[in-house]
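Below: a set of structures, written as C-alpha cells.
In the two complexes that follow, chain A is the common piece, with chain B as its partner first and chain C second.
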Partner chain A sequence: MDPVAVVGVGMTDIRRDRVEDTYADLVYEACQKALDDAGMTAADIDVVLTSSNDFFDGRTISSMAVMDACGSYDKNVSTVEGDGTFGAAHAVMRVLAGWGTCLFCVHHKGSESVMPLITNAMFDPIYERFLGIESIASSALQARAYMDAFGVTEEDCARVSVKNHGNAFKNPVAQLPLEITVEDVMASDYIAEPLKLLDCSPISDGASAVVIANQERAKGAARKPVWVKGIGYNCDAFHLGDRDLSKSDALVAAAKKAYKDADINDPPGQIDLAEVSDAFSYMELMWLEGLGLCRAGEGAALTASAKTALEGALPVNASGGCISGNPVLVSGLNRIIECVLQVRGDAGAHQVAGVKTAVAQGFNGPCGQSQCVWVLGGDA
Partner chain B sequence: MMAATRVGVVGVGMTVQRSTRRDVTGIELINEAVRAALADAGIKRKDIDAIVIGNMDHFEGINYVDTWSVDGSGALGKPIMKMTTGGTTGSTVAMGAYYHVASGMFDRVLAIGWEKNSESDTTGAIITAFDPFWDRPTFAGAVAGLALEATLYMNETGATEEDAAYIAVRDRRHALNNPYAHLRMDAKVEDIMATPYLSWPIKLGDMCPRTDGACAVLFASEGAVDEFPNPPAWVHGVADRHLWAYTSDPYVNQKVVGGTWFPAMERATAELYEKVGITDALKQFDVAELYLPYSFAGLRYMESLGFCERGGGPALVHSGATDMGGECPVNPSGGVMSSNAIGATGLLRVAEAALQVQSRAGDRQVPGAALALATGFGGCYWSDELVLGKEKPDKVRG
Partner chain C sequence: MEDWRDGQEILVMDGRIKVPYNWSAGETGTRYLESLRDDKRFLGTRCPTCEIVYHIPRMHCPDCFEECAEWVELGSEGTLVTYTVVRKAHPQLSPLETPFGYGVIKLDGATTGFLHLLSEFDDGGLASGARVEAVFAEERTGSIMDVAYFRPVKGVV
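Coming up: the complex of A and B.
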C-alpha cells in the first residue's frame, strides 16, 4: 500500500447514557479531539466521511444531523453505514486516490435506541423476524455452535469477560471497569443461554474520530504517524443456516488480505497486540482464531494461559474491549484508535511495552457476518 | 503496489422501473440489476473484487442492507460496504465505487443502488430525516421543502408554473425512448397544469413518481478496462457538497451569504468544473443526466450548474437547447421525473451518462456524445456531481 497514516485520534468517554448530549454533540467532541491530536484544524481537512445507522438514530439520512458537527462545511463528504472499521477503510481509499487528509467520525447513542427491535430488523422480514431473533439471541446460537464444535466451556468464555473488564480500570474512556471473577460471570443471569449478563457488552453512548493522511501531510502532523499496513474486509452468507457458525470464513479471508498487504506470514509471531470486537465474550475467542493468532478451537487455551492478558505475550483488548463499553459502530473505530495509541506509546495506564504492529477487527451484521481487519504499524 | 488509477465504467445493468414490482422481492430486484450488469460487462460474479450498495434504510425497513442482500448482490466471500446519503445515495454509491477503484485497492467494483418504494411509507420515512425538535413538528418531508424553494424561485425570477411544467413534459416525453422508464408520457403543459396541487405551486404532475427499481454499474481500473467488451466511460472527476443539517439552513444561508442560489450545488460545481476544465457547461457537455426531483429543479438547477445565468432557466429550456436534438439534451432517459427508485436514482444518472458517452444508449442516444454530466440531489439540498467522458482523462483527479 502507498503510505497512509492515522495522524490523529479522538474518543469521547463511553457512558451508559450521555443524556446531556445529542449525537451531534458527541461527534463534535470526538472530531475536535482528533483534530487537536493531529495538531490540525478543520481547515486542514480535505474530505470528511461519517458513519451512522438510520435505525439506531431513529432518523432517515442520519448523517444529515452531523454535517455541521463534523466540520464538513464546503468539503467533499460522504457516509458509509455500518461499523467504523469499514468507514475508516473508505477514508483510506479517499487518501490513496489522491486527497491529502480525511477526517472520519462515527457515533452511536444506544441509550436512545431500542436494541432488540433494531437488531431484529437485520433479519429476514418474512421468515426470521417473527421468531424474535435479534443480536443477543443470534449470538447465543453462534456461541453454542462454537462451544459444541471445539469443546469450549462457559468458563472459558467467562475468562475473557474477567480479563477485559479488569483491563478497563486502566482505560479512562471505558464504561464498565469491573473487578469480577469467573464465578461472578457464571453466577450472572442468563440473557440467552449460554450467554449471561456478564458475557454481554453493555448499551453505550459514544463517538470517535480519526484523521487519515497521506505521507506528505502526515509529515506536518503533531504526533508520530501510525501507518496503515493492511486492510481486508469480506462478507459471509446471510442466513445463519447457510453458515458454519462455529468459524468465520469472512474473518479468515479479511485477515488473509490485510496480512498480505502488511507482509505478515506468521501472525502470532509478528503481531504484538490485538483489539477485537468482543461484543460477547465468546467472540474474542472466535475472532482470535479467525485472525490466525491461534489455531481453530485454541482461543480458550490461549486465554487460559494468560497470553492475551495485559502482561501476556500477545495482549488482546488491553483497552477493556467492547465488553467494557460498546457504542455499536463506534466500537470498531475504537479498536483502530486503541491500536494507534499503543503503537504510538500513548495508551497511558494500559500501554503495552514495545508494540510495533497491532491488529484491529470489527464487523457488520448478525454473528459477525461481514468482517474488517486492519494492521497498523510504526514504520511507513 | 497500490497506487491511484484512472477509472472507467465498463458495465451497466438496470431493472425495468415500475410503480410496483410485485413479481420480485428486494433481493431479487437487486439481483436483476446485478445480473444485467455482469452480462453487459461479459463477466461472472467471481470476477468482481468488491461491492458498494446503497438505499434508504427506512423505506424497506431493512437494517444492514449490505449483509441482508448478499444472495442478490453476489457479495458472498467478497468485500462489501454500504453507503447511504438519502436522495444522493445512488450518486454517493457511484462515487464510493469510483474511489474504491481510484485508490488502487480494487480493479473491478460493482456499485448497486436500489429501492422498493411500493413497500415504503416514503413521506413518513423522509419526515424522520428532519430534526425531531425543530423541524418535524412544523415543516418536514420532501414536497413542502421543494414548494418553498419553488416559491422563492418564482418570486425572485418571475418564472411561472407553466415554465416548470415544461420540464415535466420534456422529461416524460424523453422517457418514451427509454424502455426501462416508469412514466412515459406524451403530455402537454396544459395536462400538467390540470393536475391537483400537492403543495402550492407544486402539482402532482410536477413531482417525480415513487418507483421500484435497481441499478448496478461496474467500475474498472485503468489496468482492467481492456478486459471488457464495452469501451470504458471514463470518470473525469467527481465532487460533492452536503452542506446543511437543518431544513431552514439553505434559505437562511442564501440571504446571509448573498447571491447564493443553491450553495451546495454551486460549490460542488465550481470544484468539479475547475478539476475537469469546464468553462462553458452548455457548449462543453454533450448531454446531462440530472437528478431533478421535481419540475422547478429543471429551471433553477440549470443556473446553479452554470448552463445559464441566474434567472435564465426558463429562457434556456424554452429555446429547446435541453431537448433531444438541442445543444445539450437533458435527461434523454426521462430522468427522475419519469422514474424515482430513490437509492437507484443517482446511480441511474451515472449509468445513463456512461451509456451516452459509450454510444450505447439506443433510442435515447445523443449522437456523438463525448462528455456527460451526471448529478445527484438529496438530503437537505445536497449535491453530488460526476463528469464522464469518452476520452481518457489526462490524469487521476482525486
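Coming up: the complex of A and C.
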C-alpha cells in the first residue's frame, strides 16, 4: 500500500444532549478542529467523504444536510453509510485513488430520537422486527453465547466497565466518567440478562473528523503524520441464527488482513495500545480475542490481570471507550482518532508512554456483524 | 461581556416519521409463513451442496449460492442456542409483558437457528441447550407472530 497518513483529527465533546447544536453544527465543529489540527483550510482539501445514517437522523440522504458544514461545495463528495472505521477506510481509498487530501467526517445525535425503535429497524422486517428485538436484547444474546462458550462471568465483563469508566476521567471529551466498582456494576438493573445498565454504553451526541493525506501532502501538515499501516474489514451473516455468536470470525479475518498489511505477526508483542468498540462491556473481551491480542476465551483473564489497564502492558480503551460515550458511527472514528493521538503523543492525561503501533476496531450491524480493523503507526 | 446565547432556551421541533411500507415476504417466505398459518408447521430448505437445512428457509444458499429447492419439514420443538431474559423493554416494541425472553432456537431438523420470543418460563429456568416448544397463536394471519412464543418443554429441563 502506498503511504497514507492521518494528518489532522477533530472531535467534539461527547454529551448526552447537545440541544444547542444541530448535527450540522457538530460536523462544522469537528471539521474545523481537524483542519486546524492539520494546519489546513477547506481550500487544502481535495475530496470530502461523510458517514451518517438516515434512520438516526430522521432524514433521507442525511449526508446532504452536512455538506455546507464540511466545506464540500465545489468538491468531489461521497458518502458511506455506517460506522466511522469503514467510512475512514474509504477516505484512505480516495487518497490511494490519487487525491492528495480527503476530509472525512461523521456525526450522530442519539438524543434526537428513540434508540430502541431505531435499532429494532436494523432487523429483518418479515421475521425479526415484529419480535421487538433491538440492539441491547440482541447483544444480550451474544453476551450469553460468549459467556457460555468460554465460562466468562458477569463480573469478568463488569471489570471492563469499571476500567473504562475510570479511564474516562482523563479524557476531556468523554461523556461518562464514573468511579465505580465491580459490585456497583453487578448491582445495576438488568436490562436484558446478562446485560445490566452499567454494561451498556449511553445515548450520546457528537461528531468527529479526520484529514487523510498522501505522503507528499502529509509533508506540509502541521502535525506529525500518523501512518495507516494496515486496514482490513470483513462481514459475517446477517441473521443471528446463521452465526456462531460466541466468536467473531469476521473480526479474525479483518485483523488478519490488517496485520498482513502492517507486517504484524505477533499482535500482543507488536501492538502497544488498542481502542475497541465496547458498546457493551462483554464486547471488549470478545474483540480483544478476535484481534488476536489474546487467545479465544482469555479476554477476561487479560482484563483481570490489569494488563489492559491504562498503566498495563497493553492498554485498551485508554480513552474510556464507547461505554463512556457512544455517538454511534462517530465512535468508530473516535477509536482511530484516539490511536492517532496516542501515536503522536498528544493524548494528554490519558497518554500512554511509548505508543509506536496502535490498533483501532469498529463494527456495523447487530452483534458486530461486520468488522473493521486499523493499524496505525509513527513511521511511513 | 454579554453573549446573545446566554439564557437562551433552544427551540426543538417535535416530529414523527410514519411511512407505510409493504414488504414482500417473497415466494420462499410466503410458502413458509402460509405453512405456519395453515398447518402450524415449520419448513426449512436444504442446500444440495452444503446439506445445510436453513430455517428461516432460503431460496439460495448464502454459503455456496446453490438453489435450495428441497423443502424440509421441521419439528416445532428445538434447542436453545442462546437466550436472554428482558427486564426493561420499550413499550412500543415489546410484544409481551416483561419479563419475557428472546432465544436463538435450533428447531429439530434444522442446521441454523432462528430468533423468537420466550415465555412461560420460571425465573432462572432457561439455559443454553434447553428444549423449547412453539406455542402457536389462536388467530394466525401468515406472519412470524403466528408463533406466539416458545416455552420450555415440560419435564425435560
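Here is the rule we go by: the second predicted complex is superposed on the first by the 380 of 380 C-alpha atoms of A that agree within 3 Å, B and C clash if a C-alpha of one lies under 4 Å from a C-alpha of the other, contacts with A are read in each partner's own complex, and residues count from 1 in each chain.
Heads up, the rule we're going with is that a residue touches a chain if its C-beta (ideal position, glycine included) is under 8 Å from a C-beta of that chain, and two chains touch if they have at least 3 such contacts.
Because the structure is a prediction, the values reported are computed rather than measured.
A.B. asks: Which partner chains sit in contact with A:A253 here, chain B, chain C, both or neither? Use first/second/both/neither.
C.D. replies: A:A253 sits against chain B, while chain C stays out of touch.
A.B. asks: Quick one: classify A:A237 as touching chain B (first), chain C (second), both or neither.
C.D. replies: both
A.B. asks: Could you tell me if A:G365 is touching chain B, chain C, both of them or neither one (first, second, both, neither)?
C.D. replies: So A:G365 only meets chain B here.
A.B. asks: Decide which partner touches more residues of chain A, taking chain B and chain C as the two options.
C.D. replies: Between chain B and chain C, the winner on chain A residue contacts is B.
A.B. asks: Just chain B (first), just chain C (second), both, or neither: which does A:D17 touch?
C.D. replies: In the superposition, A:D17 touches no partner, neither chain B nor chain C.
A.B. asks: Output check: A:H90 vs chain B and chain C. Expected answer is one of first, second, both, neither. What do you get?
C.D. replies: A:H90 contacts chain B only, not chain C.
A.B. asks: Identify the partner contact of A:A145: answer first if only chain B is touched, second if only chain C is, both if each is, neither if none is.
C.D. replies: A:A145 contacts chain C only, not chain B.
A.B. asks: On the A-aligned overlay, A:D68 touches which partner chain: chain B = first, chain C = second, or both, or neither?
C.D. replies: A:D68 sits against chain B, while chain C stays out of touch.
A.B. asks: Quick one: is A:E134 in contact with chain B, with chain C, with both, or with neither? Answer first, second, both or neither.
C.D. replies: A:E134 sits against chain C, while chain B stays out of touch.
A.B. asks: I'd like to know which partner A:E311 touches here: chain B for first, chain C for second, both or neither.
C.D. replies: Touch partners of A:E311: none, neither chain B nor chain C.
A.B. asks: Could you pull out which residues of chain A sit against chain B in one structure and against chain C in the other?
C.D. replies: Residues common to the chain A contacts of chain C and of chain B are 58, 125, 237, listed in rising order.
A.B. asks: How about chain A: which of its residues touch chain C in the complex?
C.D. replies: The touching residues are 19-20, 58, 114, 116-117, 120, 125-128, 130-134, 137-138, 140-145, 148, 189-195, 237, 239-242, 245-246.
A.B. asks: Help me check something: in the complex, which residues belonging to chain A touch chain B?
C.D. replies: 1-2, 24, 53-55, 58-61, 63-69, 72-82, 86-87, 89-90, 92-99, 118-119, 121-122, 124-125, 231-238, 249-250, 253-254, 364-366, 369-370
A.B. asks: Would you tell me which residues of chain C are touching chain A in their complex?
C.D. replies: 5, 8, 10, 12, 15, 17, 21, 23, 25, 29, 33, 55-56, 62, 81-90, 92-95, 102-106, 112-117, 128, 143-145
A.B. asks: What does chain B use to touch chain A in their complex?
C.D. replies: Contact set of chain B toward chain A: 1-4, 56-58, 61-64, 66-71, 75-86, 92, 95-96, 99-100, 102-105, 125-129, 131-132, 239-245, 267, 271, 378-380, 396-398.
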